[in-house]
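In what follows, a single structure is set out as structure tokens and then discussed.
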Amino acid sequence: MAKPIHILNGPNLNLLGTREPDIYGAATLEDIRTLCTEAASDLGCQIDFRQTNTEGELVTWIQDAAETASGIVLNAAAYTHTSVAVLDALKTCTVPVVEVHLSNVYKREPFRHNSYVSPAATGVICGFGPHGYVLALEAIAKLIAGKQE
Amino acid sequence: MAKPIHILNGPNLNLLGTREPDIYGAATLEDIRTLCTEAASDLGCQIDFRQTNTEGELVTWIQDAAETASGIVLNAAAYTHTSVAVLDALKTCTVPVVEVHLSNVYKREPFRHNSYVSPAATGVICGFGPHGYVLALEAIAKLIAGKQE
Amino acid sequence: MAKPIHILNGPNLNLLGTREPDIYGAATLEDIRTLCTEAASDLGCQIDFRQTNTEGELVTWIQDAAETASGIVLNAAAYTHTSVAVLDALKTCTVPVVEVHLSNVYKREPFRHNSYVSPAATGVICGFGPHGYVLALEAIAKLIAGKQE
Amino acid sequence: MAKPIHILNGPNLNLLGTREPDIYGAATLEDIRTLCTEAASDLGCQIDFRQTNTEGELVTWIQDAAETASGIVLNAAAYTHTSVAVLDALKTCTVPVVEVHLSNVYKREPFRHNSYVSPAATGVICGFGPHGYVLALEAIAKLIAGKQE
Amino acid sequence: MAKPIHILNGPNLNLLGTREPDIYGAATLEDIRTLCTEAASDLGCQIDFRQTNTEGELVTWIQDAAETASGIVLNAAAYTHTSVAVLDALKTCTVPVVEVHLSNVYKREPFRHNSYVSPAATGVICGFGPHGYVLALEAIAKLIAGKQE
Amino acid sequence: MAKPIHILNGPNLNLLGTREPDIYGAATLEDIRTLCTEAASDLGCQIDFRQTNTEGELVTWIQDAAETASGIVLNAAAYTHTSVAVLDALKTCTVPVVEVHLSNVYKREPFRHNSYVSPAATGVICGFGPHGYVLALEAIAKLIAGKQE
Amino acid sequence: MAKPIHILNGPNLNLLGTREPDIYGAATLEDIRTLCTEAASDLGCQIDFRQTNTEGELVTWIQDAAETASGIVLNAAAYTHTSVAVLDALKTCTVPVVEVHLSNVYKREPFRHNSYVSPAATGVICGFGPHGYVLALEAIAKLIAGKQE
Amino acid sequence: MAKPIHILNGPNLNLLGTREPDIYGAATLEDIRTLCTEAASDLGCQIDFRQTNTEGELVTWIQDAAETASGIVLNAAAYTHTSVAVLDALKTCTVPVVEVHLSNVYKREPFRHNSYVSPAATGVICGFGPHGYVLALEAIAKLIAGKQE
Amino acid sequence: MAKPIHILNGPNLNLLGTREPDIYGAATLEDIRTLCTEAASDLGCQIDFRQTNTEGELVTWIQDAAETASGIVLNAAAYTHTSVAVLDALKTCTVPVVEVHLSNVYKREPFRHNSYVSPAATGVICGFGPHGYVLALEAIAKLIAGKQE
Amino acid sequence: MAKPIHILNGPNLNLLGTREPDIYGAATLEDIRTLCTEAASDLGCQIDFRQTNTEGELVTWIQDAAETASGIVLNAAAYTHTSVAVLDALKTCTVPVVEVHLSNVYKREPFRHNSYVSPAATGVICGFGPHGYVLALEAIAKLIAGKQE
Amino acid sequence: MAKPIHILNGPNLNLLGTREPDIYGAATLEDIRTLCTEAASDLGCQIDFRQTNTEGELVTWIQDAAETASGIVLNAAAYTHTSVAVLDALKTCTVPVVEVHLSNVYKREPFRHNSYVSPAATGVICGFGPHGYVLALEAIAKLIAGKQE
Amino acid sequence: MAKPIHILNGPNLNLLGTREPDIYGAATLEDIRTLCTEAASDLGCQIDFRQTNTEGELVTWIQDAAETASGIVLNAAAYTHTSVAVLDALKTCTVPVVEVHLSNVYKREPFRHNSYVSPAATGVICGFGPHGYVLALEAIAKLIAGKQE
């Protein structure tokens, strides 16, 4: 049986729906989980969906995913911009990694324009709100399919 | 009848397939056009697919699209990093704009990390090769559908 | 009954009294808790006083405080200068937030002059040692009173 | 008899109440003087409250205060960010100096993030509007009392 | 009986042997522990060898070591470059601290050239692979012996 | 017969009236042409009024104007900030050149504060909307008259 | 009766005619006053023309003008580049402010390219020598007329 | 028959002889074409000599040359310093590319010290006036001969 | 009779002897005046010795000195580092100007390394305490003598 | 017979023992030579120990060592931070190179944080005083042994 | 009899052929000397060909060449990027100076992009390997001939 | 008998009188030696006057002077701006060191504004041509006398 795709969410994403809704929208993280489950079902794959506020836990999850996942959708939120540890963990991964952001980070503060995740990701998707997760799942599925050919 | 989605390609993209294939892949621009036509057909929409090496022509096309398109998929290539004129043209658009790059620009030279397009785009998709255009079309279709609800 | 004011302390503050006493003084964190309890009593309010070395835990506490506190006194210590996650958590708060530092950080190394907390705080108090916490509590009390008028 | 606390105000603060009220509030400088007089009375001390638009006059007042005041509350306004002369004058002071700002300067233009005053001040209080002056007086009183013990 | 030397390892070092072996070599962290145990035995001292992915836990361990260790060998990995909290914890230590890196960090990305650990360390050893830990233990032993003379 | 004054407009100015009207106002480029024709008539001179989106065409027009115009009013729009080619073309001109901007560019994004045109212009007029063109024509007329005296 | 337009001149402008005539020309400040008086007469308005070497006096005059003038023509000279106090004073003005410079500052030293005045001005005119003051008066008159319509 | 060497000239070079003759000399572009024709004749090769003011046209010519030329002599003039599109076009070329400048650009403004052309060129020749084109042709001839051995 | 040498002192120099004596020494400004009077007497010249805290007054004095002095010894103190107005005033002087500092400013904070005075001065003398004024007078006398030969 | 290890010392190291003993300690360079001879004896290898103040001589010695040494211990002192020539010489070496510094350079001036030596060295050891040379010899011996296995 | 052309080579060039042959090629410095002798013979001139590792000796040779040479071909190697002394020596030369580099330095590390030699050179030739010396000799011969006409 | 004052001159100063006379004047180094000998005679002291083009020799001379001189007058010329080795040598000196420059270096290129010599010098004198050496000798004499009191 195929390995699941891990969808890893970083700090403060547990507050979605209440946190700055003009930037992040009204959907909760639970809504996004549901959306992803449906999309994964359409694509014929499993997901493992998690959230943490702690950098070290996120690092550990990425390490785990390198072993147990077929791909990673990563919204590292604030750690995107400050965590070399996340970068180092990603470098150990050989499965596809897609970086996702709900908002268009390039319209925001300059310190959000730097990403430690991007150089270690296969690709980046940002600015499409919750739908960005669906696009990321499709991209991963496509990448996995491409490898298997 | 619905307006088409304009897919606008910047300088040197006419060389795809022969230009630095280790970065850009073996697909030609014609292959990408075919891929987009198929995807658009699946999504029930029309496309208008163009390429130019001239900044001024790209500016004019974006101005036109603001009138005649339902959305824009823009791969401004090198002008992404140097053209304030492209940015100013995009600011006049009220339709959704999705910025696409074939390669993950964040893995490349520092001057490719700055984008004048991003702050005026709805979202960004990069690093997925030709498939990124398909994801962009899906994202546009979703955004248009969202507006119409 | 009124909600308490949360007083949240970041990394290494558990060592106060022994850590670099020429910079931070001889008072322990327990001494500061006592001082705050007394000041709160004078102001007729409750406090919830905590310390953690972990960024993620501090983020979680700030999220909690947004729900359960009437105001936050935050000494994020080293995370002041490196944590976008703390900033993002603070942005979800609608209650008053006062940033406190024991020492005058502007007399110290340049990397301590940048604060990710300040742009999301109501105000800043630094350089007064433990008494700064008392001033912060008074400021919060004043701000809460101002809102209730 | 104890020396008074000098409260020195820099350029444009004479316009308070009319100048950018969304940033600085509706209170006039005269209102703040009244607030300070009452607070000083509660603390059992005298104040000397002044305002000037001229950098050189502010320098001279600081020099005077070093002789005749028991402490200084300084809102140097625009000179905070540009005046090395104010810094040099403050360095001659051995009495406590508290830097005050009505607004949270860290939420404003980058050139307001640099302060020539802070490295020579005992502490900094900003973002609490007129009430910040009261907190500053309390801090000074506490510092003087601390010295006398 | 003499206190042990604490050997503290930061994020992703648990992956040694599998993570980027062209940079970090084939030895696992367990191999390094064995190497250190043997070297310590030759030097007549004890070691306490740990690894964590979490910044806050590393901070707490350094605080503990300040009490219970005779010296610290610290490979803070990614936190070397981002953690002011680690720096602050190290500043409370009076025992010798030796910073170790397996690879020569100065040959890698620019953001790895900055170290928050170095200013608080007694010395730095990098680029010798696992053998660097042995050199660090020898250096600590020498430093302790120097103090006891 | 006297040579005309060339009024050269850069990219996106053809959209005036519809493009970001809160910044650029409601007047169209045709309105500005009318305004300039009237002002030129009052000043007793001819104008040649053009617009292009292409950098190279703007360069060629400036080269032409050096031969056939008595002065140049230049609103290079986005090329103001990015075009060394425009600068080089202007350096070949011995007739007066007045740089015009509709908006006050110093209130906008930092990359609009740099101008390659200014060092090669006689003078700069910005922030007065369409009326700035009239002021520029008067300035040119004055400069030409000054030469002829 | 209509309020006058205040024409405020900063440091060293009293030396015009003798100071670096290759940059500033042969006209004295008195010549410019005469020129302005004539131009104002043509426009049917009054002027109040002043010069000072002192930053604080310039700040005070701007504050006064906010009350008693219908518009301000400001040549802040050296204070243009160093005075946040002048900027703060200008921000209190609701009447039109036109920044004027005799020389084209963009052809000179880099520190003259930054202006604290521009972000608070309606518009900027530079490089036309004394005639720039006449253009500024016309611009103000136009702006006042525009408001009254 | 051997392919010709393409000699491509960028913006404003059509003005040579009249444009800033103290920097660029008295020779016209036609003079340089004659010089190159003679030198090519001596070297036994053909040339194709062109000039354009438009970035996009220069990009297209470089793309063409990659197919139809045996080598490229490129004086990109102002686009040397601003055009990533020219760089990208050059990267598709496998024939030798020699960058030429008439003046020594390192003696001029700082923005002329950066070249997007150099990293993609085989070599650089600058500062020798029109004779630099002859040296470039000799260098190309040498490089082609070297390949054929 | 020969014109006197003006010795102009900037802000806070009136405090010499009490201000940071470890940096500036124990001599008062009055002591320096006496020292200068004696040295001038030996050199057979007159002096005019002044001090001010106000930038504008220093500017006016420099303007005056351009008319009435045979040379200027200028210790602009803090205004050295912030005043473009002082620089502009000095540029109008044709008499020799010697910049003096009591301390070696290059050993102090970075913002004291920039001098707006130096580019307009004949020479600079710093680090010799009060004796630097005597050296400056000798240098001026030498320069005046050199002109008269 | 095995080749010796060259121990090359740069400028001012001949002054050890007298030069800034609080930074560099009381040991002379002769003491270090003795220490190295003993350590080499324990390791069963020969050393060649030299010092020079001249950059060019150091370059020549490194070139020689590439031929005649089995490894290099290099304390380039000040040339560490300024000499590209030393870097280029090191790049020609295939034997192990260990960079040594007596003091922890990262606690000192910023210009000492940059090292041209590090990118060409096998490893770096700093902060252990003379004992660092012994550690370096051990490291070299280990590296040589590793190669021979 | 005509003066010779001096061909001066800086540090590490004596290693050519063995040093990083993928960058510098297989030719030795002796091969280049032979190449230059032949080319000089064709041009009817003499050469004086030298190499040194010492900055001071290179400076002295340039000083000598100013007297005894008719032109200088200078490959300052590493000193190109660090030596103000070489720049100052070149400024005393009135004979033509051509800067040569074997490799295209603009494709290498950023610190090799800065040249202290270029601003004092007549022209620059880089990237053509040993043949670049021949082009440089031809350029010098052309420049000398141009002077004699 | 008193130790002499060493007057040490760096690279290219042997060319004085011929090198850029508009900057450095017509006096030769021999003229300056004569001037210094006379001034020393007036002051009742001996001098030792030297010049070298080699950084290492200058370093050695400074080391010698620390032993055998009563003070050092140092014109390190180009090495002022690039030599950390000179700085380190100066730090070993306990005798007074006066940095001299013939020209006002602050009026020249930015890279001449940085001095590695200044932080280790007692004082700096620049801009007075050869007379600056006399002023330096007087300053040294004064400093020595001050020590002996």
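Going in written order, the chains are labelled A, B, C, D, E, F, G, H, I, J, K and L, and every chain counts its residues from 1.
Everything below uses one rule, namely that a contact is a pair of C-beta atoms (placed from the backbone, for glycine too) under 8 Å apart; a residue touches a chain by one contact, two chains touch by 3 or more.
Here the structure is a predicted model, which means the values were calculated and not measured.
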Completion exercise
Any chain touching chain B and chain K at once appears in the list H
Exercise for the section: State which chains count as neighbours of chain G and simultaneously of chain K. Expected result: none
Fill in the blank from the handout: Across the interface between the identical copies chain A and chain B, with over half of residue numbers shared counting as same and under half as different, the residues used are same
Problem - chain B and chain F, separation of their C-alpha mean positions in angstrom - result: 32
Handout entry: Rounded Å distance between chain C and chain K, as computed from the means of their C-alpha atoms
Key = 64
Practice task
Express in whole angstrom the distance between the two chain centres, defined as the mean CA positions of chain C and chain L.
Solution key: 55
Practice task
Enumerate the residues of chain H that touch no fewer than two other chains.
Solution key: 54-57, 82
Problem - Chains grouped in pairs wherever the two touch, ordered by label - result: A-B, A-C, A-E, B-F, B-H, C-D, C-E, D-G, D-I, E-J, F-G, F-H, G-I, H-K, I-L, J-K, J-L, K-L
Practice task
Spell out the part of chain G that touches chain D in their complex, as residue ranges.
Solution key: 54-57, 59-60, 63, 82-85, 87-89, 91-92
Exercise for the section: Name, in rising order, each residue of chain J that touches chain E in their complex. Expected result: 104, 106-107, 113, 115, 118-119, 121-128, 131-132, 135, 138-139, 142-143
Exercise for the section: Name, in rising order, each residue of chain D that touches chain G in their complex. Expected result: 10-12, 14-15, 18-20, 52-57, 77-79, 81-82, 111-112
